Amino acid sequence: MQTHPKKRIEIVVEYPALRRLLDRLDRAQVTGYTVVPALAGRGHDGLWSSEGLAGDAGRMMMVICITDPARLDPVLEEVYAVVARHIGIVTISDVQVIRSDHF
Amino acid sequence: MSLVDLAAQNLLSPMVLFFALGLAAALARSDLTVPEAVAKTLALYLMLSIGFKGGVEVAANGITLRMIGVMGVGIVLSFALPVIGFLILRAVSGLSTVDAAAVAAHYGSISIVTFIAATEIVRGQNLPFEGYIVAVAAVMETPAILSALLLARSGQPTRNGNEGLGPLLHEVGLNGSVVMLVGSFLIGWATGPKGLQMIAPFIVDPFRGVLCLFLLDMGLVAGRGMREGARHLSAPVLGFGIVMPLISAAFATLAIWPLGLSLGGAALFVTLAASASYIAVPAAMRLALPEAKPAIYLTLSLGVTFPFNLSLGIPLYLALAGLVAE
Amino acid sequence: MSLVDLAAQNLLSPMVLFFALGLAAALARSDLTVPEAVAKTLALYLMLSIGFKGGVEVAANGITLRMIGVMGVGIVLSFALPVIGFLILRAVSGLSTVDAAAVAAHYGSISIVTFIAATEIVRGQNLPFEGYIVAVAAVMETPAILSALLLARSGQPTRNGNEGLGPLLHEVGLNGSVVMLVGSFLIGWATGPKGLQMIAPFIVDPFRGVLCLFLLDMGLVAGRGMREGARHLSAPVLGFGIVMPLISAAFATLAIWPLGLSLGGAALFVTLAASASYIAVPAAMRLALPEAKPAIYLTLSLGVTFPFNLSLGIPLYLALAGLVAE
Amino acid sequence: MSLVDLAAQNLLSPMVLFFALGLAAALARSDLTVPEAVAKTLALYLMLSIGFKGGVEVAANGITLRMIGVMGVGIVLSFALPVIGFLILRAVSGLSTVDAAAVAAHYGSISIVTFIAATEIVRGQNLPFEGYIVAVAAVMETPAILSALLLARSGQPTRNGNEGLGPLLHEVGLNGSVVMLVGSFLIGWATGPKGLQMIAPFIVDPFRGVLCLFLLDMGLVAGRGMREGARHLSAPVLGFGIVMPLISAAFATLAIWPLGLSLGGAALFVTLAASASYIAVPAAMRLALPEAKPAIYLTLSLGVTFPFNLSLGIPLYLALAGLVAE
Amino acid sequence: MQTHPKKRIEIVVEYPALRRLLDRLDRAQVTGYTVVPALAGRGHDGLWSSEGLAGDAGRMMMVICITDPARLDPVLEEVYAVVARHIGIVTISDVQVIRSDHF
Amino acid sequence: MQTHPKKRIEIVVEYPALRRLLDRLDRAQVTGYTVVPALAGRGHDGLWSSEGLAGDAGRMMMVICITDPARLDPVLEEVYAVVARHIGIVTISDVQVIRSDHF
C-alpha cells in the first residue's frame, strides 16, 4: 500500500493545561488530535498517580497529533508555548499514513 | 461535653478511622486504591447532597439579613486570609513569592469535605445550624484565588498576564465542583422539602457511609502525597499547615461575633475559614501560577492541614464557636 | 390536575432541574463531567431497577391477552414509525437517504430514560400502571433498526451487505442495554415480590436520586453535543426533532385505544412511542450505516427530542393518554 | 428445610440469577460489561461492609477462646489444603509442578464473595453466626500462598529467589483487598454498634442489591474466562475444580467438629475452606510464580469452582455443617 | 542488546467498529495487539469526548499492533477495510524489538 | 525548532509486575516515564480484557520511557529482566525532543 510521511507529536501534559493546549493546536490548524489518559508517571517534578484523585490538578494526559512535516514547526511553537510553562514533555517521531489528504 | 471528650469521640468516629486507615495503608505502601472515576463521583455526590440540603433549608427559612451578612464576612475573610498567610510565609519560610502566594490561596479558600465532616460532628451533638452556611462555603471558594494572584504579581510585575484574567475567572468560576455545589443548592432551594423527600434515600440516608469511603480515599491520596511530598516541606512550612488554620479560626470567630449565628452555624463558619482547599484552588493554581510547585501546596493542604482539622481542629473550632455564638 | 399545572410541576421537579443544570453547565463550558465509567454504571443500574420491578409486577399479575396485544402494537409501531419519519425527512429536509434512515431509526425505537422519567411523573400523580410496559419497551427497541436498514437500502442497492445481517442482528440483539433490561425483567419475574423485597433498598429507595445524577450527566452530554452538533442541524431537521414525537404520540394514542390500558399505562406507552433512542440505536447505526453522520442523529435525539420530552412532552402524553385510557 | 429445597431456593435467588445472567451474556458474546473502575469499587464496598459488620459483632461479644481456636484451625487448613490439592493435581492431571502449585494455592485460600453469598443464604434461613468468622476469612487468605511457594520450589530448586520472599510477603500482606477487609473489621470493632448505626444505610441496607450487581459482573468475567480459557483445562483439571471444594469441605467439617460453632458459623467456615480465591491469590501468583499459566488457575477458580459453590456448594456445606454444629 | 526491526501500526477507531477491527487483525494472523482507551479527540468528523457517555457510539479506541515488515501490507489491507468505512485513522512507524520470534 | 534524538521505549506489561518494572527503571536512572492504562489485548498468552475485573491479575499497563540513546542498553537490560519473566512486550523507536537537558 502506498504511504505518505507525516510527523507524530506526542505530548504528556498536566490536565489543567489541556484545554489551553488543545486551543493552541486548533489555532495551529492541525487536522486533528487524540487524547489518551495517563495513569501515573515520573519526571523532574516527581512521581504522580491519578488513582483516587477527586480533583484535576495532578492528573496528566497524553495528546497525540499527526501533522504534515511542512507544518511541524508552527505546531511545535504553539505546543511549546503551553508545555514550557506547565508540567509536561514533547516528543516527535516519523510515521507513515495511508490517506495523505486526511492530515 | 468537654473539648477533650469531644475530640476523643471524634477520633473514634468511623469517618476519622477510615481516613486513618487510608493514611496508614498508603504510608505502608499497600496497593489499595479507589479508582479515579469513583473518587470524582464520590466528590460530586457529596457536593450534590450538601448543596441540595442547604438549599432546602433556605427554602424553608427564607433569605435573611443575617444570611447576607455572613456571606459578606465570608467573602472578606476569603480575600484577607491569604494576605495574612502570605506575610507569615514570607517572614518565616524560605518560599518564593509565587510559592507563598499559591500556598496562601489554599488557606483563604475552603475545603468542602472538612466542612462536611464538621456538619457531621455538629449534627452528632444535636446542634442545629443555618442551612445557608453551604452557600457561604460556595462564595468563599474563589476570592482567595484573586487575592493570591495579586500577591504573586506584587513580586513579579506582569509575568502571568499572557492568558489574561478573563479566561481564568471563567475557568475558576465554572469549575465543576463549584457548579455542582451552587447548582444543587439552587435546585434544593427551588424544590424545597418536597424535592428533598423524593431523593432523600439517595442523598441523605447513605451520606455518612459514602463519606467514610471518600475519607478512606482521601487518606490514601494524602498518605501517598506525604510519602512523595514530605521532602519538599521545610519545618516552617509544616508548622504553617497547623498554625494558619488556628489563626484563620481566630479571625473568623471574631468576625462573626456580632452576627449572632447559632452554635452549630458558628462552628461551621469557623471551620470553613480554618479549612484549606484541595480541589478547586490547586486546579486554579496550575492555570494561574504554573511556576508554583504543586508538591508544596498539595502536600501541605491535604497531608497536613486536612488531617489536623479532621481530627483535632473541628472539635476545637466547635469550642471556639461556643465563645461567640448565641 | 390541568395540563399546565402538570407541566409546571414537572419543570420544577429535581429530575428536570438537574438535567437543566447539566445543560447549562455544558453550554457555559464548565468542566463539570461525570466519568464515563460511572455514567455507564448509572445506565446499567436504571435498567436493572426498571426491568426488575417490571418483572416483579408481571409475576404478581400473570401474562394476559392484553399484554400480548400491547406488545404486538408496540412492535408494529417500532417498525412503522421510522417509515413515516423517513418520508417526512426526505420531503422537508435535505438529508441524504442514509442520514434520513438513520435519524428515522431513532424515532421508531425508544429511550429508556424518557420512559423512566415518565414512570416517575405517572407515579407522582398516584396513577398505577401495568408492569409489563417495561417488556413492551424492550421489544420496541430493535424493530426500528431493521426498518431503517430497509429504508437505507431503498436508496443504495446493496452497499451495506459486506458484513451481513446476521452479525448485525447478533450485535444489536445482544447489546448490553437490551440484555440488562430483559435479563433483569426475567429475574424479577422469576423471583417475584420476595426477590424485590430483598434488593429494594438498592433498586427502589435511591432510584429517584440516582436518576437525578444520571439526568445531570445527560444534560452535560446533551449540552456538549448541542455546542458541537448544532451547526449540523438545519431548521427542518430541528423541527423534526419536536414534531416527530408528537406524530408518534398521536399514532400510539390511536393504536392503543382499543386495548383498554390504564391511564398510567397508556401514558407510558405513548411516551415510549414518542421517545427517541440515544444508546442502542446510535451504536447500531455506527455498525449498520457508518456513512450516516452521528453528529446529526445524536444531536437531534439527545439535544432536541430528549429535553423536549422530559420537560413538555411527557405531561402532554399523559393528557393525550387521558383521552383513550380506561 | 431439606437439602434439595434449599438448593432449589438458592438457585432462584436474585444473587444466583444475576450471576447466571452475566454468565449467559458473556457466553453469548453480548457486549454487556461493568466498567473496571466500578467492579473494583463494588469489591471494596463488599469488603468494607462485611469487615465492618464482623468487627461490630466482635465488639458486642468480645474475644473468646473459641474465636482463637477457629482462627487457628483456619490457618492450619489454609496451609494444609494446598498440599492435598497439589498431590491430587500431580497424580491425576498433567500440570507442571509450578502450575499445580499455583492452582493449589487458590484452593487453600478463600473467596470473599463466596463467603458473602453464604452469609446471605445462612441469614435467609434465619441462622445467626459468629461475627468473628470474617476475621477467620482474613487470616485464611495468605498462608496458602506460602504453602504453594514451598511446593513449587520442591520442583525447581531456587529459581524464584531473585526477588526475595520479603518484598513478596509485603505485597501479599498489604494487598488492597486484605487491607480493606482487615481495616474495616478493626474499625467496626472500634466503633461498635454505634458506628454501625451511623453507616448502616450505606453498608447494610443496599448490601444485597450491590451484591447482585457484583455477581452479574462476576458472571460476565467468568463467562469470558470460560470462553477463552476452556481449552487450557483438561478433563482432570476441570474435575479438580469440583472435587477439591468437596474435599476441603470434608476436612473443614471434621476440623471444626470439636469447636462447637453455631450452625450458621460452621456453614460459613466450611464454605471458606471450600472456596477458591480469585482476587488476592492470582495477583500473588503473578508475582511469585509468573511461570504458572493464569489461564489455568483463573479459569478454574472463577469459571468452575465459583459457579459450583454459588449454586450447589453452599447449600451442601450448610447441610454438612448441620452434622457437626451445636 | 540485539534488536530486530518491526512495524508498529497505530489505529484510532470508533468503539462500535472495534470488534470488527480486531476480528480482521486475527484474520490477518498478527501475533498480538493492545487496545488503549482514548478520552477525547478531534478530526474531520469533529470533536468528541467519552466523558459522561452511557452508550458506546461516540467513544474511540486506540489499537497498537506490532508486526513483521513482511506482513505489513496484508495487515494494512484488513485494517483499511474497516477504517475506510468508519471514523478513524491509521499510522505506521518503525520500531525495534528484542525478541524477534515473539512477533 | 532544534530537536535532539532520543529513544522511546514502549513496554506493555501485566499490572502485577508494574511496580517491579518501575523500580527497575528508577534503578537504571531514567529521567522519567509515563504509565498509560491498556484496556484489552492479545498475545501469545491469549486474549485479555480489563473490563469488569475486580482484581489486578489480568490487567495490563503500557509504560513509555524516553531516554538518551547512550543509556538505552542499560535501561533495556533492567526492563528485560522484568519482562522476560512476565507477560509483556518491549519496543524501541527513534524520537526527537525539544529540550535535550530534560531527558
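All chains are identified by letter, namely A, B, C, D, E and F, in their written order; residue positions are counted from 1 within each chain.
Just so it is clear, a residue touches a chain if its C-beta (ideal position, glycine included) is under 8 Å from a C-beta of that chain, and two chains touch if they have at least 3 such contacts.
In this text, all values refer to a predicted model and were calculated from it rather than measured experimentally.
Contacts with subunit C and subunit F are shared by D, E.
Separation of subunit C from subunit D in touch steps, taking the shortest path, is 1. Under half of the residue numbers found at the subunit A and subunit E interface occur in both copies, marking it as a different-residue contact. With centres computed as the average of Cα coordinates, no chain lies farther from subunit B than E. Subunit A and subunit F have CA centres that are 19 Å apart. Averaged C-alpha coordinates give centres for subunit B and subunit C that are 41 Å from one another.
Work out the mean CA point of subunit A and of subunit D, and you get 45 Å between them.
Note: centroid distance subunit C to subunit E, computed from Cα atoms, is 34 Å. Contact of a single residue of subunit C with at least two other chains is seen at positions 31, 33-38, 40, 171, 205-206.
Listed for subunit E are residues 19, 36-37, 56, 93-94, each touching two or more other chains. Contact between chains, using the touch rule, shows up for A-B, A-E, A-F, B-C, B-D, C-D, C-E, D-F, E-F.
Per the touch definition, subunit B reaches subunit D in the complex via residues 12-14, 17-18, 21, 24-25, 28-38, 205-210, 212-213, 216. The touching residues of subunit C, when paired with subunit D in their complex, are 35-38, 40-41, 44-45, 48, 52, 170-171, 174-176, 179-180, 183-184, 186-187, 190-191, 195, 198-203, 205-206. Every residue of subunit D that touches subunit F in the complex is listed here, in rising order: 33-36, 39-40, 42-43, 163, 171, 177, 214, 217-218, 220-221, 224, 228-229, 278-280, 282-283, 285-287, 290-291, 293-295, 298. In the complex of the two chains, the subunit A residues touching subunit E come out as 1, 3, 6, 8, 22, 26, 31-37, 61, 66, 93-98, 102-103.
Partner subunit F is touched in their complex by these residues of subunit A: 10, 12, 36-44, 60, 62, 73, 76-77, 80, 89-94.
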